[in-house]
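Dropping the structure in here first, questions after.
Lettered A, B and C in written order, each chain numbered from 1.
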Amino acid sequence: MSIITLTSDFGLKDYTVAAVKAKIVSSRSDLSIVDITHHIKPFNVLETAFVLNGVYSEFPEKTIHLIGVDAEADANQKHLLVMIENQYFIGADNGIFSLLLPENKIQKIIEIRHTLSMESVFPMKDVFVDIAFKLLDNKPLEEIGKTLKKVNEWKKINPVLANPNELTVHIAYVDHFGNLVTDLNKKLFHQFRKNRKFTIHASSTKINKIHQKYIDFSKEEMLVSVLKSNIGKAMAVFNSIDLLEIAIYKSYSEKGGTAEELLGLTVGDTIKIKFE
Amino acid sequence: MSIITLTSDFGLKDYTVAAVKAKIVSSRSDLSIVDITHHIKPFNVLETAFVLNGVYSEFPEKTIHLIGVDAEADANQKHLLVMIENQYFIGADNGIFSLLLPENKIQKIIEIRHTLSMESVFPMKDVFVDIAFKLLDNKPLEEIGKTLKKVNEWKKINPVLANPNELTVHIAYVDHFGNLVTDLNKKLFHQFRKNRKFTIHASSTKINKIHQKYIDFSKEEMLVSVLKSNIGKAMAVFNSIDLLEIAIYKSYSEKGGTAEELLGLTVGDTIKIKFE
Amino acid sequence: MSIITLTSDFGLKDYTVAAVKAKIVSSRSDLSIVDITHHIKPFNVLETAFVLNGVYSEFPEKTIHLIGVDAEADANQKHLLVMIENQYFIGADNGIFSLLLPENKIQKIIEIRHTLSMESVFPMKDVFVDIAFKLLDNKPLEEIGKTLKKVNEWKKINPVLANPNELTVHIAYVDHFGNLVTDLNKKLFHQFRKNRKFTIHASSTKINKIHQKYIDFSKEEMLVSVLKSNIGKAMAVFNSIDLLEIAIYKSYSEKGGTAEELLGLTVGDTIKIKFE
C-alpha cells in the first residue's frame, strides 16, 4: 500500500491539516497517510529537516513526503519534487532539500510546472497533493516538470574540532522532553575520541560518561551515592537516531525542569567535549 | 470508501477521541476517519462552525461529520442529523447548523429518536456513531427520526456597510499563526470596492494593498525600502478559503509577535475598510 | 481487521510517534492504528493506567496496545506482554500492568525475550512493534518469551470509608476541561449511600446532588434562582466511564476557570462525601 506523509507548521487547531487529508482520501482509498508532525515552529526549515531526517528512513521506497513549511513558491523558491534514497519529497526550495540526509545523495530534482490552479496560498493542498497523485499514477517525471541540477543550499553547521583535544558540538534540536539533541553522531564521536577519556561541558555541568540507555543511569551511581536515585541529574546518551543528547533523568518542565531549562541551553548553542 | 470526520473540543490528552474511534474501527474496517480538529475552544459553537466551513466542501458527497461540541441534548437542544450539499452533519441543535454554509441550503433535518442507550454524557460516542452506522447501512432516514422544518438559529454577524465609502468587517477567527481572519470574502470585497482605492484600518495599522500570496509581500517593497525584507510587517491577503486576513509576515508568537498580539485585536473585534 | 493502539508520553512535535507508525505501515497494510494519546505526563504511570482503563474495553478482542511510557527495560523492569480480557498489552513492567482493570483478571504474562536489536533507547519501536507483528502472525506465545506468575505492583489508592457516614475519595485525573475525576464509581457510591441524603465536600464547595448529564444542571435550578443559567457553578456528575466527577458547568481556563483552578484541587487530593 502506498504511503503519503505530512509534515507542517500548521498546528492542529485549524482546518488546514484536515483539508489536505480530505483531498487525499476523497480520491484515493488505497493508501496510508502518516502525520510526521504539524508542530514545526512556524517557517522553521532547520527544525523541519531535523524531524524528517529522524524518521524518513523508517519508510519504504516510493513513500511520498509532503512538506508544508514555508511552502509558497516564487521566482527564487520553486516547488520541487526531489528523490532521495528512492523516496519522494515535495516542497518549496527554501533550503530544506540541502539539509536532508544523506548529503549529496539526491537522485533526482524536478521543478514542478505550475498550472493555474496551483497559484495558491495553500500549496500543500493545491500543488503537492496533485503531484503525489501523479506519482501514485506512475506518470513519467517529465510530465511533472523539468529536471534541475541543484537545490538551494542552506548553510550547514557541523561539529568543529577546535584542536585535537576539544570538539565543539551544536544543539540541533530540543525534543518534547526538553532534552538537548546535538549534531554529533556516535560514529563521529568515536572517531574523534580514539578511546580517550572525555568530559562533556554543557553550560557548567560536566559529564564524563555516555550511557547506553536512559535507564542504565538510574541506579548504577546509587552504589557510590546516598541519593535514592538519579532522578533530576544530568546525563548523556546516544538517542534513537544515534545523536549525542543531554538529558535530565526523568525530569520534566512541571517537575524539576528540563535540560533546556536547567542548563539554560537551546538550539544553536554549543557544548564542548574535551579529551584527555 | 466511506468517510467519517470528527470535530470536537475534547483535546487529545484524554481517552475520549480514542473511545469514539475505537467504537468505529471495532465494527467497520471499510472507512476512513479524518480528524478535523479536537482543539475547538470548550463549548465554542462559532469556532466550530468556522472550522467546519473551512473544510467540509473538500469532502465528497455522503461524508458523515460528527460534531462533538456542546453536544448534549435536552428539551431545547435536540440531537439532529442535517443534510447540506449531500453531506451529513450530526450534532446537537445548539445553533451550529444555522452557521454552516451555504446558508439556507439545508436539504433535510432529522430529529434523532433516542433509545435508552443514547441517554449519555458522551453523545458523540453513544449517539452520533450509531447514527453514522445507520447511514452507512443505507437505513431509511425515517428510521432515524422525524423530519423537522428548521434548526435553532445563531445570530449571524456579517460585514456592515456603514456608508458607501466605509465597510466594517469582523474578526471571525484567529488561526494557528495568530493571523486575523475576517468575515469578508473576496467576492463581497470586490462588489463593495468597485475598483476604488482603499485603506484597511486594523487597529492603528493602515494597509492599502491585498496581496495574492503571502510570499508576494516578501520582496516587492524592498525596491523602495532599505529594509532587507518585510518580515515582521503587517500585510493583507485573501486566505485559502478566500477570506480577508491580516497577518504579520513570517512572524510568530515567540519571535516578533503575531497579528493578534501586535495589533491587539481578536475574535469579535472590527476592522474598517475605507474606499476613496 | 486487526487493531494496534498507541499510548505514550512522546508528544506530537518530535518524529517518535511517526517512527513507530512508519515501522508498522511499512510492513502491514491490513490493520488500523488508533492513537489513544501521546500527551501522558512524562513517565506518569498512574495517568497512563487511568487513560487506558477509560478506553480499552471499547476495543475488540485481540487488540494490541503498545504502551510507550517509562518503557525502557532493566533487571527490575522487564518488557512484558500481558493478556487481559483477551486483549494484549505490551510495555515495561513499571507497575502499569497492576493498575489495569479489571484487577486480578490478568490471563497471561509473558516476559519478552530480547534479541540484540531490542537493546534500544526506543523500545516502543524496536521491541513492542516486533512483538505485535508476532501476535498478528499468530506465533505461539512461547516464542515471545517465558511465562511469569506476577507483575510488579503499584500501590493502589481506593475510596476509604472513614466511618459509616463519611467516605473519602481521591482525585485520580484532571481532564482536558479541568474537571476533577475521582476514584469513586457509581456502583460503589450507591453501595455506600444506601439511599441516604449526602453532601460532597470539594474544598469549601458543597454539592448535594449528582446530575445525570451535564446539561441537566443547566436550567433546573433556574426555577429557584434569579440567575439566568448555571454557567460557572460547581456540579457533580458520573462521567462517561461512571466515575464521580466535579465540574464547573461550561467554564474553562480562559473564561471563568476550571474546577481544578477554582477549587484548588488536583490529582492526589481528596474529596469527602458525608451521608446523613
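Everything below uses one rule, namely that a contact is a pair of C-beta atoms (placed from the backbone, for glycine too) under 8 Å apart; a residue touches a chain by one contact, two chains touch by 3 or more.
All of these numbers come straight from a predicted model, not from anything done at the bench.
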{"item": "Overall pattern in which the protein chains touch one another (line/ring/star/complete/other)", "value": "complete"}
{"item": "Homomeric contact subunit B-subunit C: same or different residue positions, threshold half", "value": "different"}
{"item": "Whole-Å gap separating subunit B and subunit C, where each centre is the average of the chain's CA atoms", "value": "31"}
{"item": "Two or more partner chains touched - positions in subunit B", "value": "12"}
{"item": "Contact footprint of subunit B on subunit C as seen in their complex", "value": "1, 3, 5, 12, 32, 34-40, 51-52, 54-55, 58-60, 175-177, 212-216, 218-219, 237-240, 250, 252, 254"}
{"item": "Parts of subunit B lying in touch with subunit C, wherever the complex brings them together", "value": "10-16, 18-19, 21-23, 25-26, 29, 41-43, 70, 72-74, 77, 119-122, 125-126"}
